[in-house]
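Some structures are shown below for you to check.
Here come two complexes built around subunit A, the first alongside subunit B, the second alongside subunit C.
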Partner chain A sequence: MSDILSTIQKLAEAQKNAYITKAADEGKRILGYMCSFVPEEIIHAACMVPFRMTAVGSTETRLGDTYYSAINCSLVRHIFDKALKNEFSFLDGIVFMNGCDHSRRMYDNWRDALKTQGLGPEFLYMFVAPHTTMETSLNRFIDELNGFSSALEKNFGVNITKNALKNSISIYNRRRKLFRELNEMRKQPEPPISGAEMLAVQLAMTSIPVENAVDLLEQLTEHVHDRKMDCKDKLRIVVTGGAMEEIDHVKMIEDSGAIVVAENLCTGGRHSDVSSDEDGDPVISIAERYLYKVSCPRMVDEFENRSSLLEKTLKEYSADALITEKLMFCDIWGGEVFLLKQEAKRMGFPLLSLEREIYGGGAGQMKTRVQAFFETVRNIQ
Partner chain B sequence: MISAGIDVGTRFVKACIVKDEALLGCAIEDVSRDIDRVIGRVYQKALDKAGISKRHVKRLVSTGYGAKLVKGKSFSMSCTHCVAKAAFVLDPEVRTVLDCGGLFITITSIDERGVFERTLSNDKCAAGSGKFLEMSAQAIEIPFSSISQYAERSKEPYLVSSNCAVFAESEVITQVNYGRENTDIIAGVLKSIAGRAATLFERIQAQDKVALAGGLATVTAFSSMFEQMTDRKTVSLPIPPQNLGAFGAGLMAQQGKPSRGGV
Partner chain C sequence: MIVAGCDVGSLTAEAVIIKDSKILASKIMGVRATAEKSAICVMDLALAQAGLDYSDIDACYSTGYGRQAIPFSQKNISEISCHGMGAYWADNSIRTIVDIGGQDCKVISIDEKGLVQEFIMNDKCAAGTGRCLEVLAKALDVELHQLGPLSQKARKPISLTNKCSIFMELEVMQHVYKKRRLRDIAAGINNAVAKRVVSLSRSVPLKPGFAITGGVSKNVGVVSRMEKLLGVQFTQLSVDPQIIGALGAAIFAQKENGNHD
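On to the complex of A and B.
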């Protein structure tokens, strides 16, 4: 593995990294979040560093389970377990979101733990994003963005100016453009980067300051430009689903005779390749980008758009099959996978639906299912 | 008064013969399909050990998952109450009892008078139970009695993270196929069960002293992992931990009015 890819892999597998430590040492505040709908630009414009909280490094949910039950999302339980072990003590605040009921309830649990156990940080903010894309929702979302900005200004004594927001939009768009360029290269018959490597890239880039992310992505793009993965007799797969951090899981899929050419994951491609409009009012641009352009199953009445986007992706990336990845007890993705199965029949593309717990093991079973699916796909071909 | 307690658990049937607060005799046998005969046999064995004839037993309380299967002049009580009662009688300083049985982990808190306060149980799943440990030990060909010795030799316990016993068993088999040491697998299974027990322990905000009951309490590696995770010491009680439920049932039976004939 090259130096740059190995650096990125290490970043993806580390709970806290040197970039975050350096930013904190320079006096920057670090704000944790968990959902693609939390507007990183606003946090950045407040001179803070948005940090995507993950379950990386977690090995158990012993303490998390004191607040959650075993029928809650394993990702949320792992993250809260880490929180209760003070592994997020470097954060200056957390932004929760109504992405799903499991994660939104972490706001209540964290507040309780703050009250009863002194679990920091003290700045806990509930960001509420609408579930529909009507005009009233946009106005509601703009109000929410303004409310969030005011809360940051009031609590941390900062001033979020329009210029700062425009600069933040610009640098985040730069990061997104670099992601788009990488993804564009994956359309080639021999993509320059594997799906497992790409997941590591996406995980790493949300755990470091955006300036460093842009720098690393530029180096990576240059490095992989002439690289070609060995794709002989390999199926081209698109992976779609909720949160995924397990690089080994994607590696297992690829080792079974495939290459993952595109993904639409919470922790992956979903929010990385859609830019905000750089002209006009920055708050409206951010609101329109997040509400209209980033669709995940939490948004109601949007399935048709998501389905046509998926169909386009399958065609553009010359994909042979789709794998859906759902975490156990995820109702949102449970409904989406049901609808996708119908779409798969309608459009005639092979679909494998996998369900797992985050870092939940069971690699043997998964591998058997993936191998059997690939055999079926090859027989169809 | 002489009383009897029968605990029909998910893995074993236990019987104790009690006089006042003293244990006269006890017996234990595996649950099998012909449960009536097993219950009758275990009861008779306990009577024989106590040197008591059936007609001298004036009250009988049944407890456990299959309490209703005990026929005759008995009445049934919840196992958590019985185990808590037994632990308190054996050591009046006990405030928390963790009962780790075949399918359930139950934690009970009691006050300084021995009055039952609160109880919590594991989720509807066998992954944190004795049966799961038994299944895993069988899959890697370790006798149940040697689990602790194997677990103590583990250098790097494998993390069994699945929430479901069925998935977890497959996970164990996968690890066997990957060539992982059986010492690491069994230590991982124990760690996962101890973790679940520790979660309940944290959730109930357990007070000292803490007593362990149930078949898992006989596995020393489990007790030490649990103590390590919770940073507490558990007390050892003078009777086998598996018999606490039946002994408690016998003690509960002491509190009622004696029956005229035997039971």
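On to the complex of A and C.
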């Protein structure tokens, strides 16, 4: 593995990294979040570093289960377990989101733990994004963004100016453009990067300051420019689903005779694909980007758009099949997979629906299912 | 041409040796500590039965949960494809295969060449598998192979309301304490397992030409109950339904290494 890919892989697998430590040493505050709808630009414009919290490194949910139960999402149970072990003590604040009810509940749990166990940080903010794209929702979302900005200003004594917001939009757009360029290269018959490597890239880039992410992505783009993956007899797969951190899981899929050429994952392509408008009022640009352009099933009136986008992705990336990835007890993806199965029949593309616990067991059964699916796809081709 | 297939599952391992499209030998045994040991043991037995040596085998493919760990196999294929191909080879009118193994059950839809078109496999729990039957037979204190014949004598089968094997076990124990007849409890167990598999099968197109494979196909109680629930009759295969996975692997080895019979 090359130096740059190895650096990125290590970042993806580390809980805390040197970039974050350096930013903190330089006086920057680090703000944790867990959902693709949390506006990184606003946090950045407040001179802070948004840090996507993950379950990386977690091996159990013993403490997390003192607040959650075994019928809650394993991702939030792992993350809260880490929190209760003070593994997020380097954060200066946390932005919770109503992405789903399991993660939303963490706001209540954390506040209780703050009160009863002194679990820091003290700045715990509940950010609410509407679930529909109506005009009234946009207005509501703009109010929410303004409210969030004011909370940051008031709590941390910072001033979020329009110019700072525009600069933040610009640098985040730069990161998104670099992602898009990498994804564009994956449309080639021999993509320059595997799906497992790409997941590591996506995970790493949300765990470091955006300036470092841009720098690393530029190096990576240059490095992989002439690289070609061995795609002989391999199926081209698109993966869509909720949160995924397990690079080994994607590797298992690829080792079963495929290359993952595109993905729309909560921790992957979803946040990196679309830019904010750089002209006009920055708050409105941010609101429109997050509310209208992020393809996530938490939005209840957008299935047709998501389905069209998926159809376009399958076509543009010359995909042979789709794999859906759902964590157990995820209602949002449960509904989405049900609808996608119907779409798969209507459009005639092969679909395999996988369900797992994050960092869970059952690799043997999963491998059998994936291998049999690939054999089936080859049979019907 | 002599080819072989080896299927190492969670409870049993099977080996099949084929020469010129005829089964020369087949063996079934309980698994050993590792997939590799199981594979070597069962293949040694099959080779001894056929009077052959490893060097006589032109190609060997593996399948089952241990398929990647088998040293003498040139290629591994999923048990879903192998059960499809094995059942088709045994009877080319078969289009739908219900395979109930030790730790999973699958419903497989194949085409007119024996290739898988669609499949469904249990992923939530082990209810509806051989392991579930094994646990429940133990709770009833009868041998696994007795569950089928015993259940056929039932007059008032009990109803197991739980869907989880562990809760089913507790329910079975309660019926034992209440001194319900063993045959009625056995029938209840087989009915519950059959019901779980039938509910799974609804997700796959059930094309006429049904076969049942895997270890649980030897339980007459489960098989007859499934026939009733599905409203179909399983075709009696000419070979032992428990070796179908290994047979399918051998057929793939034969097809991909020269002889297309």
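Note that the second predicted complex is superposed on the first by the 381 of 381 C-alpha atoms of A that agree within 3 Å, B and C clash if a C-alpha of one lies under 4 Å from a C-alpha of the other, contacts with A are read in each partner's own complex, and residues count from 1 in each chain.
Here, a contact is a pair of C-beta atoms (placed from the backbone, for glycine too) under 8 Å apart; a residue touches a chain by one contact, two chains touch by 3 or more.
Small disclaimer: the values here were computed from a predicted structure and weren't measured.
By the touch criterion stated above, A:G334 is placed in contact with neither subunit B nor subunit C. With both structures placed on the common chain, the touch criterion links A:E60 to subunit B but leaves subunit C unconnected. Considering which of subunit B and subunit C touches more of subunit A, the answer is B.
By the touch criterion defined above, A:G257 reaches neither subunit B nor subunit C. Of the two partner chains, subunit C is the only one that A:E375 touches; subunit B does not reach it. Within the superposed three-chain model, A:S69 lies in touch with subunit B and out of touch with subunit C [touch as defined at top].
Contact with subunit C, but none with subunit B, is seen for A:E355 once the two complexes are overlaid on the shared chain. Residue contacts after overlaying the shared chain place A:Q365 against subunit B and subunit C alike.
The residues of subunit A shared by its contacts with subunit B and with subunit C are 364-365.
Residues of subunit A that touch subunit B in their complex: 59-63, 65-66, 69-71, 74, 328, 357, 359-365. Interface residues of subunit B, counted against subunit A in their complex, comprise 123, 125, 159-163, 167-168, 170-171, 173-174, 177-178, 192, 195-196, 198-199, 202-203, 229. Partner subunit C is touched in their complex by these residues of subunit A: 355, 364-365, 368-369, 371-372, 375-376, 379-380. Touching subunit A in their complex are the following residues of subunit C: 65, 77-81, 103-104, 111, 115-119, 121, 123.
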